[in-house]
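Two complexes are shown next, each including subunit A; its partner changes from subunit B in the first to subunit C in the second.
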Partner chain A sequence: MNWARTAAIVFLLVVSAACLLANFIAPAPYAHQFRDEPDAAPSRQHLLGTDDLGRDRFSRVLYGTRVSLLLAPAAALLSSLLAAFIGGIAGFAGGRVERCVMAGTDLFLSLPWLFLLITVRALLPLNVSPIVSVLITFAMLGCLGWAGAARIICADARSLSRSDFILLARASGSNGFRLFWRHLVPNLKPVLYAQFWISVPVFILTEANLGILGLGVAEPLPSWGSLLRELEGFSTISGQAWQLVPLVLFILVVSSFHLVLTKEELAI
Partner chain B sequence: MKKLLTGFLLGILLTLGSSGVLAQSGGELHFCLRSEPKTLNPLLAADDASETIRYLTGGVLVRVNRLTQELEPGLATSWKLTNGGKTITFELRGGVRFSDGTPFSADDVAYTMQQLMDPALHSPTGDAFRASEGKVETEVLPKNRVRITFPAPIAGLDRLFDQVAIMSAKSPQKEMAVLGPYYVGENKAGSYLILKRNPNYWEKDPAGRQLPYIESVRLDIQQNRDIEMLRLTRGEIHFINSVDADSFDKIAAQDPSMAHDAGASLDSEEMWFNQVANSPLPPYKKAWFTSTNFRRAISEAINREDIARIVFRGHARPAFGPVSPANKFWFNAKLQAHPYDQKSALQRLAQDGFHFQDGTLRDHDGHAVEFSVITNAGNKARERMATMIQQDLSGIGIKLNVVTLDFPSLIERITHTFDYEACLLGMVNDELDPDAQMTVWLSSADSHQWNPSQKTPATAWEAEIDKLMRAQASTLDPKKRKEDFDKVQEIAWQQEPFIYLVNKNALSAVSPALHNAHPVVLRPQVYWNIDQLSLSSEVARNH
Partner chain C sequence: MLLRGGIDTLSALPKLVVKILIAVLIGGFLGATLVRFAPGFGIDEEELDSRLSAQSIQALRQTRAEDANIFVFYFHYLSRLLRGDLGISRTLQRPVRQLVAERLPETLKSVAAGMALGWAAGFLLAVAVVMSRAWYLDLLGSLLVGVLLCLPAAVLALLFVLAQAPARLLLGLIIFPKVFRYSRNLLGRSSALPHVLTARAKGLGNMRVLVWHILPTAAPQLLALLGVTVSFAFTAAIPMEALCDMPGIGQLAWKAALGRDVALLVNLTMIVTLVTLMANSASEMMGKTFAASEA
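Entry: the complex of A and B
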């Protein structure tokens, strides 16, 4: 499977580069409405046609991919760090601390997160720019998405804390924060790494779900969520295959994130 | 000569066909309800599905003809308003029976009125009759007549009886015994309802044949609009009463004969600014939103033609004011369309001290003009409108933030916390009479959205609207009422507390197998003449 992993990494790098260079590649501003050409078919001016408001779809795909591809890993990093901190401490401390923290984690997992996101978003201030809104959306995803990973990290930390090298470190006089930071955390890295890569597509999907509900990134900033909303209603697709490009790109990127992980990491 | 004869015969055939003489009897009409009816009691109907059942099964004293918008006799052959509009006397049709065979009499009308006005029942239909405190008296008179007296005059009283389905006082089947064209034959909760032809329905066609023509109606409960569309194209249902512009164009592309655009409907889409005095907005924003010049400038900066053309694919008309041109009698034809003129908008803003600086509009204190508009999440048309307005306003240096909220959060903000700046929503209008808009235009009303529940009118023009709305409600002279309500429309046009954007067209899809369907703008668009509808002979035979 090495060739697939390599291909996935190359694909992700190409897509990332294209997004980062969107300002130079995009033929039109993502928000500009060409009102005389709504729903236009692909042409030399508009490579992927225009959306229902006449905005250049290719430009929107580039900028939308940039938004989702930059911010989903950021949210994944935030949730992985929170999971490492909460799960690591619980697993390392064990006993009552672990039971209390894990009970809290279970409670968090049982919350209907989609409704929670909708509620939290409704409480936020209204007058924020689209950029701030997208940052808030992904920050919320990062802050709310740690619980599942925390359980896995807690189990790993518990197992590690009973291992021989930790016993040896304890016997050598190492304890408390030093034991946690110098001996336990480095050994949690593989599982943290796996959790990070798994979280990235999950957050992309979550933002897409919020977008489909109309609660994702604020207009006119594009994201994969808002791009996928164009496909609402299966009958819209017929005869306009170019509308499927964001979906194909989305599937390829999410699949590539999974292929980036090695067998060992996936086994974790 | 031969051509002339053929044309003559064809003319006769068409005439007979349209009058129903050649209409095929029998068959089962299929269409979908978007939700399960919450009640089968016609006096409690409030949701769309319950109102559909009420319309198809309920017999009413007078009926608004949805095509002409005029009143027509129903179970009453004539009626007369007296006592300054407080009393209405109906002369009832003789020889009519309920679906279970119970005879219809004036006692049933008295029983229905007693039920309707019973405060314990909380009938939404009854609310329209409760203009003032006091008892409603119903007298059964000789010669099959009934007289109903209200404590105070009610404007448009006779038209309100279009909504009142008469119930039987004596039938053991209670509300299931009906006087309309159909009765509920089967009700499979959450799945479907089957309505069967009322064998005792009073109306006959010009040839003396019993109406309705169609034997039964099957109403499938189907929430998913895509599946509903698919079922229509497969021929499994016979019509969709109301479709959005996107679906309409798809249907028209497949089979133009199925797509019916009845023109501008009574419904409107509008936006308004929060003018509530104690809202948690900064004072400078309150000053913007309460300025007539500011509101009119925003209105002039919005390209309504583009919204109608792009968002509604041409199936909408730029809106003039509170009344759609579809409301033939009450629309004020003197009103002009709001112009799209960004230069004029900037001039109006300059009058209030706004100025352009580095591509940004600023008020006289230097605040950059930026505000948010909230709308309900998931409504694509409104999100698109807001995005188009966003680009239009950027042309005069205003930054608009579009915020989509789940509906309960939105309602909380516009009715309780007033923590919002502008809101974009739609208004669904079923009633032609301006009395139905009292709750919107009276400054003391809860639905006076831009500044609800005022103890005293906050502005002189709101006080004037209050006066005119009360005046039109207290007279029975249609000419005087029209004059008063025309003035209300003029004030609303000048002040723009609501920035009316478009009136959506009434769009529907009808299978070619359904005959005599003439979709109209008033609800129920397709089946308003249910008793005249018929199915093609092939469909009727297959049933």
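Entry: the complex of A and C
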């Protein structure tokens, strides 16, 4: 399946480049309203038509994809680092520390993900700017999404800490933080890498769920959640198939993320 | 053998009960903390009633002053919780216990229907793929599962609304890909074990190989998956009930989140956590019993 992986990476690179260049590619700012053209069909000026407020859908897809493609990996990085810190220390320390940390992690894992997210979201201020709301949403995903990865990293750190090279490092006088940082953490990289790529599509899907429920990124800033929310107004009778473009792009991007990891990397 | 498995399970039961109780206790503390520090805590709409005298308002404040001390608040919160008093919903102005009692059965029905459908479709397709070893079936299953795994539950719910399809089936579609993918891998691994290959070589039929050699090896992990899918189903119930207008606890949680009713949300999260913990523990115990009886 190497060809599928290559195609997925190329596709993600193309989409990322298009989104990063949104300021130059997009025909209009994402919040600009063409008040005379609400719900317009695709045309030269509006490649994917306009939404019910007259905003250019193509521009919104570009900017919305940029938000998700930049911030979901950032949230995944945050959760992977938290998992590395918590799971790594637990596995390295072993004994009671490991048991206590893993009991906490198990408790965290038994909390239903979406219930937890909307509870924490409800505690956060709502009267914030769209930029702050997007940062809050993804920071929350990053801060709450570490538990599953921490379990795997803990198991890996435990087996690594019993390996010969760690024993040799200990015998050479290396201990404590130096042993953890210089010898253990670099060897956790493959598992961290896998956890990072697994987390990205999970966070994109979760943001979309929150956005559709009206608990994600605030308008007028577009995100995949708000773009997919437009499907509420979709009608099979009107036959406005272009409204489905964000959904198709979403499926392609998420499935590309699923294909990025090889079977060997997933098995780590 | 089965008796030994049963005895092992019974001896593990107290440990599991203690684990659940500790989880509830810690959950209660965390929940109380969230409620205590939520925006709007300690503010009562009654104070805005112009008919109340200054003394009445002072008396109202006095009753809440005790809860200003966080430890007193913890104690009151937990003692109420142990009595089954989950408080009053700020947005709906009704006891949380009553709201949960009204709505939980609806969600449980949806979860049960979704689990049954998801497991039946996912597991049967996985069995068909593994036993037939037909590449086209595997490809078809993988493609279908690939697409479903890329769709957020909320989008599926919107598509169900558009297609006017029965909403209860939605949870089945969410559980199906997880069950299929995990079962296929598990059954595939079991079917490649030496004793299964020997059984095949000796000419045993597909059904016998499946029932007597593949399933017993995979059963403990499949039972563990059963518990995990309960959690998936409850999580997916939020978008399903919110968007398909079904009066369950998912919709209640969504309304509470929109209304920032933290007390209600915390209680709902705790109830769902308790249900999923019990489901996970039960499936774990069943798996252990099965493994012990097989050993």
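Keep this in mind: the second predicted complex is superposed on the first by the 259 of 268 C-alpha atoms of A that agree within 3 Å, B and C clash if a C-alpha of one lies under 4 Å from a C-alpha of the other, contacts with A are read in each partner's own complex, and residues count from 1 in each chain.
One rule holds in what follows: a contact is a pair of C-beta atoms (placed from the backbone, for glycine too) under 8 Å apart; a residue touches a chain by one contact, two chains touch by 3 or more.
It should be emphasised that the depicted structure is a prediction, and the values quoted were computed from it without experimental measurement.
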item: First (subunit B), second (subunit C), both or neither touched by A:A122; value: both
item: Partner chain(s) touched by A:P38 [first = subunit B, second = subunit C, both, neither]; value: first
item: Partner chain(s) touched by A:L53 [first = subunit B, second = subunit C, both, neither]; value: first
item: Which of subunit B and subunit C A:V254 touches, first, second, both or neither; value: second
item: Which of subunit B and subunit C A:E232 touches, first, second, both or neither; value: both
item: Partner chain(s) touched by A:L205 [first = subunit B, second = subunit C, both, neither]; value: second
item: Subunit B versus subunit C as contact partner of A:L70, first or second or both or neither; value: neither
item: Which of subunit B and subunit C A:L215 touches, first, second, both or neither; value: both
item: Touching partner for A:W113 - first (subunit B), second (subunit C), both, neither; value: second
item: Contact residues of subunit A, present in both the subunit B and the subunit C interface; value: 118-119, 121-122, 126, 213-215, 232, 234-236
item: Subunit A-facing residues of subunit B, complex; value: 225-226, 229-230, 246-247, 250, 306, 310-311, 370-372, 374, 377-380, 383-384, 386-388, 390-391, 399, 401-406, 409, 419-421
item: Subunit C residues within the subunit A interface of the complex; value: 23, 26-27, 34, 37-39, 146-147, 149-155, 158-159, 161-162, 231, 234-236, 238-239, 242-243, 253-254, 256-258, 260-262, 265-266, 268-269, 272-273, 276-277, 280
item: Subunit A residues within the subunit B interface of the complex; value: 31-33, 35, 38, 52-54, 118-119, 121-122, 126-130, 213-215, 218-220, 229, 232-236
item: Subunit C-touching residues of subunit A, taken from the complex the two chains share; value: 107, 110-116, 118-119, 121-123, 125-126, 201, 205-206, 208-209, 212-215, 228, 231-232, 234-236, 247, 250-251, 254-255, 258
